[in-house]
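As written, the chains take the letters A, B, C and D, and residue 1 is the first residue of each chain.
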Amino acid sequence: MVFGIETGFGYWDPLIWVVLFVLMFIGGYLIAKYAAQRATPFRADELESEIFLSGWGETVEKDLRFPSKHLYWGFRKALESAWYRSAVEEHSGILTTYIFWIVILLLILMLLIAFGGAM
Amino acid sequence: MKMSEKPYELSVIVRTVARLLFGLILIFGFYVIVHGHITPGGGFQGGVVTALAVIMLLAAYGYEGVVTEVREKILERFESLGAIMFWTLGLVGVIATATYFADVLYKGTPGELISAGTIPLMNIAVGMKVASGVAVLVIIMSIGMYYSRKYQKAEKEGAEE
Amino acid sequence: MNIMEHIAILVVITPLFGAFSTPFVSLAGKKAADIWVGIFSGLTFVFSILLGLKVLRSGIVIYTLGAPEPAIATVDYNGLIFPVRILLEVDALSALLALVISLIGFFAAIYSWRYMEHDTGVEKFYTLFLLLLTGMLGIVLTGDIFNMYVFLEIMSISAYALVAFRKETFEAVEAGIKYLVVGSAASTLILLAVAILYGVYGSLTIAQIAHLIEVSPSPLIWGALALYLTGFILKAGIVPLHMWLIDAHPAAPSSISALLSGVVIKTGAYAIIRIFFTLYGVEVMNRALIGWIIVVIAVITMFVGGSLGLIQQDLKRLLAYSSVAQMGYIALGIGVALIAFNTTAGDAGLVGALFHLLNHAIMKGMLFLIAGVILHQLGTRNINEMGGLIKKMPITSACFIIGGLAIAGVPPFNGFVSKLILYEASAMISPALAVIAIISSALTLGMYLRVIQTAFLGRAPETLKDIRDPPASMLIPIVILAILIVIFGILPSLPVDSIITPAVEAVKNQASYLSAVLP
Amino acid sequence: MIEGYIPYIFAISLFVLGLGTIVMKNNLIKILIGLDIMESAVHLFLISLGYRTGGTAPIWTGITGEKIFVLPIPQALTLTAIVIGLATLAMALSITVQVYRHYGTLDIREIRRLRG
């Protein structure tokens, strides 16, 4: 049974990837286990359990969750005004816009292909 | 003049003429369907003419007047039956060891009514489908009118109270 | 009656008969209609497999309707013989598409059994469903441009009706009318292109027109190409004509969404491939120009789909944007194959495009089915209202995570393999293309990670207490598709060598497509 | 020889007219009329492709001797396209009824709850 596949100029073998992934997973798990054994146990109700943020004691709610809408926050913030606002506005829900784009694309393709399509 | 009891109906002249013409239009539609292979026309055109008979009744009597006489459920069955007939006539060609849609039945002399193999049968199937399909279509669309009339009536009564 | 002899037409007429017999069968109750539709979509799937085997074994299959031969001798032109009859011409590409369509169609039919149990008018739903299948199978199997248009309209009209099926909701109605108006505008453009080609060459058979274009290319055909391309770009949901897709795919019932996103838009991609490589042929056209047009559109498509999908709150809308992005990948492969035809890059582009087409059909079909499960069990599509689903419905959640990671191109799933092939093919043309493709893939990963993190991991809200995995008839199609994703990921050479490579050979070998019909 | 081109000129004008209608009008019914005009333009184009001067309808009439028929294939194509156009139009009008029921208007500038 052949697992690999030629990809143009490369070669991809999922089996090696899976084996490596499993090996590294096991390795990482063992290291974590070992470290947990060696480390000094965590003592609650002491100074160390309090969280300091830049020197300030911070009160944090119990179930701290990373809200998923913050994923790719930087990307979205960077493109907020340049791209997202106009793109969302463009999908206006007005039928005329949709048809307008058909006409625009048709004209562009007509100009490009009708005058440059032939070899 | 007092308003009619049935506001969806047209005048008595229109209704009478529609009743009279109903059979004639049906017969003309059937004629166009059956002669589809030797004259201009065929299943689709004849089917539409046949459906026009129902549409005319709809115009004259309104949805409420027609829906008691013409059952759209039965027409829907007829539509499916027409499609199945067409499909089966195609399959006749396969069974006779030719290909799908092959014209394997008795060909006859060109220009006569009983000729051209399966083609007139297919015309009848298509006519059945189109006639019932178009009729159902218009009946179902007129349900919208029926409801809007009902809402208007309800609104008017609500306003009077 | 030898079944293998008539296998090509059986693939098309089996769902057609199922469609029109369902109203009668449903008189015996909904259960009977369910079984009936299951039987007919299953039969279609079996026939597609048989057709594929026949094509792989004995080359292109020609099936003429109503006569033994497609060609007829003319009286006017001194007995010159040329094909005039309606025919089906099935090469490996068509067989591949037919296989994908009937596979997803079969699973969607089984899924619909329980999914549509609360809806009224299920027999009409099933009729339209099977007509949709008929239309798609007809498009990919026919060898005649006007029939392609007819089947396209059968498919489109059923799709309009199915999108607007839940007419009690404003969403379905609004999406339906928008889809209908833009879809029929595109269909009219396609019909105009067919009419122009018929006017120039007096024929409708693809092989005959291709032959005549090779012999005497007329300037009018380039206008027809532009019309064709606009029409099918819309049908394929490629930017800038993607907006109907974003509205329509979420509005349809989920089994139809799976079919629409999984395979209906793929027929547009199929038609584009068929028109470029077979109908026009790469020799007569300015490959560099047209290829770059497609590539530019593809790059824009990938970015738009990926970036706008990132900000969606509605699960099905997010999946629709992801479909747009993935159609961009397929278009990228086609464009690369046009620019670098018959080189390593071009071949890799075609392999990538077709493999991604297959993979995306499986992945997006499964993801939409899962979105339907969530809608069915939870009654919501808003991602923010979900949470902790992996504890409540473990099998469904595992399948979604597999599908989401696969579509984002995470190894070792199948999406990674096809995307890798496309990256390398496009990098051979221009490294910038590969960079944009990888960025877009990262955006896709972002949107799926968001869904996985919010909806499946984390804590369940109080409102979602008694949520369970769906009934078996909804779960089994999902699980089988998930298993296919893993198998195609671990063993990519299995599908590539057995079905993708013959399809690529068929696309490249225009001469054999022509010589199969022409006397 | 401008006479031979008159049907094509008409067809193209109709097509552009229909396209203009669906781009510029805001009423849903008018947009559907525009679509139908576009379709009719293509039908006219197809029919005029098969026309031969002095030709009669391509049916078997039993009259012997030299006769010119117009080309039957474009007529068959047009008929099929008309049937498809009818189906599309019927579907469109049915959905339009539903749109009116939900939105109370046919102005497409107000039928825009799906966006973004």
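Keep this in mind: a contact is a pair of C-beta atoms (placed from the backbone, for glycine too) under 8 Å apart; a residue touches a chain by one contact, two chains touch by 3 or more.
It should be emphasised that the depicted structure is a prediction, and the values quoted were computed from it without experimental measurement.
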*Looking at A-D and A-C, which pair shares more C-beta contacts?*
A-C
_Gap in Å, rounded to a whole number, between the CA centres of subunit B and subunit A_ = 57
*Find the geometric centre of each of subunit A and subunit D from their Cα atoms only, then give the gap between the two centres in Å, rounded to an integer.*
48
*Quick one: subunit A and subunit C, Cα centre-to-centre, how many Å?*
26
*So what's the Cα centroid distance for subunit B and subunit C, whole Å?*
36
_Multi-partner residues of subunit A (at least 2 other chains)_ = 88, 91, 93, 95, 99
*Of all residues in subunit D, which are in touch with two or more distinct other chains?*
22, 28, 31, 111-114, 116
*Residues of subunit C touching 2+ other chains?*
174, 177-178, 181, 185, 246-247
*Using the contact rule from the top, write out all pairs of chains that touch.*
A-C, A-D, B-C, B-D, C-D
*Residues of subunit B touching subunit C in their complex?*
76-77, 80, 83-84, 87, 90-91, 93-95, 97-103
_Can you tell me which positions in subunit A touch subunit C when the two form their complex?_
1-5, 7-10, 12, 14-15, 17-18, 21, 63, 65-66, 68-69, 71-72, 75-76, 79, 83-84, 87-88, 91, 93, 95, 97-99, 101-102, 104-106, 109-110, 112-119
*asked:* Taking the touch rule as given, give the residues of subunit C at its contact with subunit D in the complex, in rising order.
replied: 146, 149-150, 153, 157, 160-161, 164, 167, 170-171, 173-178, 180-181, 184-185, 187-188, 191-192, 195, 198-199, 204, 246-247, 251, 312
_subunit D-touching residues of subunit B, taken from the complex the two chains share_ = 38-40, 44, 110-111, 137, 140-141, 144, 147
_Residues of subunit C that touch subunit A when the two form their complex_ = 174, 177-178, 181-182, 185-186, 189, 217, 219, 222-223, 225-227, 229-230, 233-234, 240-241, 243-244, 246-247, 283-287, 289-290, 293, 304, 307-308, 310-311, 344-345, 347-348, 383, 411-412, 417, 420-421, 424-425, 428, 443, 446, 449-451, 453-454, 458-459, 489-493, 496-497
